[in-house]
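Below, each structure is written out as structure tokens.
In what follows, subunit A forms one complex with subunit B and a second complex with subunit C.
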Partner chain A sequence: MNRRDEILAIVLSALESLNEELDEAARVEIGPTTPLFGADATLDSLSLVSVIVDVETALTMKWDAPISLTDDRAMSREVSPFDDVGTLTDYILELLQETSPA
Partner chain B sequence: MHDESPSPPIQLPGAAPELVGEFVVLRALTVDDAAITHEWRLGGRAKRLNGAAASLEDQRRWISNRPGSEFNYVIQLIDGPPVGTLSLVDIDMTNRRAESARFLIGDEAAAKGAPAAVEAMKLLYELAFDRLGLERVYGLIAQQNHLMIKWQKYLGMKEEGRLRRHFLMDGEFVDAISLGLLAEEYRAQTLPRMKALLAMGRQRTAED
Partner chain C sequence: MDLYLGKTALVTGATRGVGRIIAEHFLDEGAAVVGFARGEPTLTAAAYHHVQVDLADPMAIQKAFLGLHKQVASLDIVVNNAAVLTSQYAMIMPPAAAQAMVNVNLLAPFIVSREAAKFMRKSKWGRIINIGSMAVSLEPMGDSVYAATKAGLSTLANVMAKEFGPMNVTCNTLGITAIESDMLAQLPRDKIEAIIASLPAPRFATPADILNVVDFFAAEASSYVTAQTVYLGGVN
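Moving on, here comes the complex of A and B:
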């Protein structure tokens, strides 16, 4: 499994954990292109924070690298890292390549 | 647009001052909101809150009996529908503390993609810490309401304890998690994170 796939698995796992907390009708469809907080939003801000916390925690445990997904850098990007699962995965990959090169 | 002009002083007890943000406005809860708030209280996400009014008439009565020492709000999207409720209760100006309570996003579909919950809480904290000059805001959350506990902790609240069998929900006693936020923590941790989440809402708008 390459690093991008490992990150993708972490993001999808966070969405699965979120679904465990939601009523059946509110659960999100999970996949590599699931919209997160963009124009076709799947999540409200309560659910988004749950995903952020779980992903940050998992990244720290796996790579021993404290990663903040909501710093100024993330917010100043033209395309939101939280647009969908793919953009979030790519954004994390970019951060990890700087803080913890493979 | 968010009004940056100085806010008028707040009278206590008194009517809840309207709080206007960029994405939502917090307006005072009135008996006209009984039907929609009662519907929300019977919805899925409200199952993790303590008991709702049994009937619409009970809800009307409950709203009309709110004391002047509470600020009870409806969260309404700017130029959009009402989506939830939020309150600041037990406001104690002697000890400069209050409880944030009755936080519920009832219309989850309308709130998706907009930082409604974040801005609603930000407006309430601004009222509490900046306008009322409180030192501490606290709250109780049922232990199984994991999403809300996680959300509040991410936004700076600290776990302060557990009240055993504090709520009776669906015929079962459940523990309450006690959380608290101090003014300095609000400024150092909560505000930056809230601003980041609000920026996501702007990114969304820019892409639309």
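Moving on, here comes the complex of A and C:
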């Protein structure tokens, strides 16, 4: 499994954990293009926070380095890293290349 | 009595004063305790794990939690106790002293609570207890920044109570009066005794007074008690 696939697995796992906490009607469809933020997203803000926290924790434990997904850099990008699962995965890959080069 | 058997508690400022009283109590009642403090440990117990961390440094706190994830599987109770106090009239308060109070008394509890909530989220159980002060109500001259940070602590807990409530994490604040401690020794004794004499319960707080409310907030049965500030001594 390459690094991008590992990251994608972490993000999808966080969404699965979220779904376990939600009522059936509120659960999100999980996949590489699941919208996370914006007009097409079905997650509410606290749900997105839960996903971000779970992803950060998993990344930090796996690569033994503190990883923050919500710093100024993330917030100032033209395309939000949180648009969907794919953009988040790509953003995390970019961060990891800097902090823990493969 | 083993009130806290199987639980892991984190206490900031665990090496002396109120923090040490609380840490010792948790240990006596069967908890594993993590102590965050700037100095060397003053508690020796098999179930005590000391982390030397400068609570005035947000990055140091986050780094401490990174290490903690490798040491403990869960974190159930957090007591934000560490605080610094410089009493000085506002017009001559050194900005550095004011900044230190903001960093240790308010920002550090925010970061500790936030990082602890990430643990508590996994277990869907948690108790965050902030140690506040009667200064919030009494608003003594010379304590503008200190009282403001302690007032902020209550609001911090109240808002976090809303955010963390769905995770079964309660957030409360205990406003203590005066207890014999290093912090109290910094203040003019006659001034403190005059304040104590004016309280509805005109005496110094005892460890039992503080632990009584800490135990109440931390109890399993207190899952419906959140976003509350309890003051000792009749302060309101």
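The rule is simple: the second predicted complex is superposed on the first by the 102 of 102 C-alpha atoms of A that agree within 3 Å, B and C clash if a C-alpha of one lies under 4 Å from a C-alpha of the other, contacts with A are read in each partner's own complex, and residues count from 1 in each chain.
One rule holds for everything that comes next: a residue touches a chain if its C-beta (ideal position, glycine included) is under 8 Å from a C-beta of that chain, and two chains touch if they have at least 3 such contacts.
On a predicted model such as this, the values are computed, not experimentally measured, just so you know.
In the superposition on chain A, A:P66 makes contact with subunit C only, not with subunit B.
Once chain A of one complex is fitted onto chain A of the other, the partner contacts of A:T57 are limited to subunit C, with no touch recorded for subunit B.
In the superposition on chain A, A:T89 makes contact with neither subunit B nor subunit C.
When the two complexes are overlaid, the chain among subunit B and subunit C that reaches more residues of subunit A is B. Residue contacts after overlaying the shared chain place A:V79 against subunit B, while subunit C stays out of touching range.
In the superposed model, A:L46 makes contact with both subunit B and subunit C. Subunit A residues in contact with subunit B (one complex) as well as with subunit C (other complex) are 46, 49-50, 53. Chain contact summary for the complex, subunit B toward subunit A: residues 44-45, 47, 105, 108, 111-118, 146-148, 150-151, 153-155, 193, 196-197, 199-200, 203-204, 206-208.
Those residues of subunit A lying in contact with subunit C across their complex are 46, 49-50, 53-54, 56-57, 60-61, 66. Against subunit A, the residues of subunit C that register as touching in their complex are 62-63, 66, 69, 118, 121, 163, 166.
Interface residues of subunit A facing subunit B in the complex, by the touch rule stated above, are 18, 21-23, 25-26, 37-50, 52-53, 70-72, 74-75, 77-80, 82-83.
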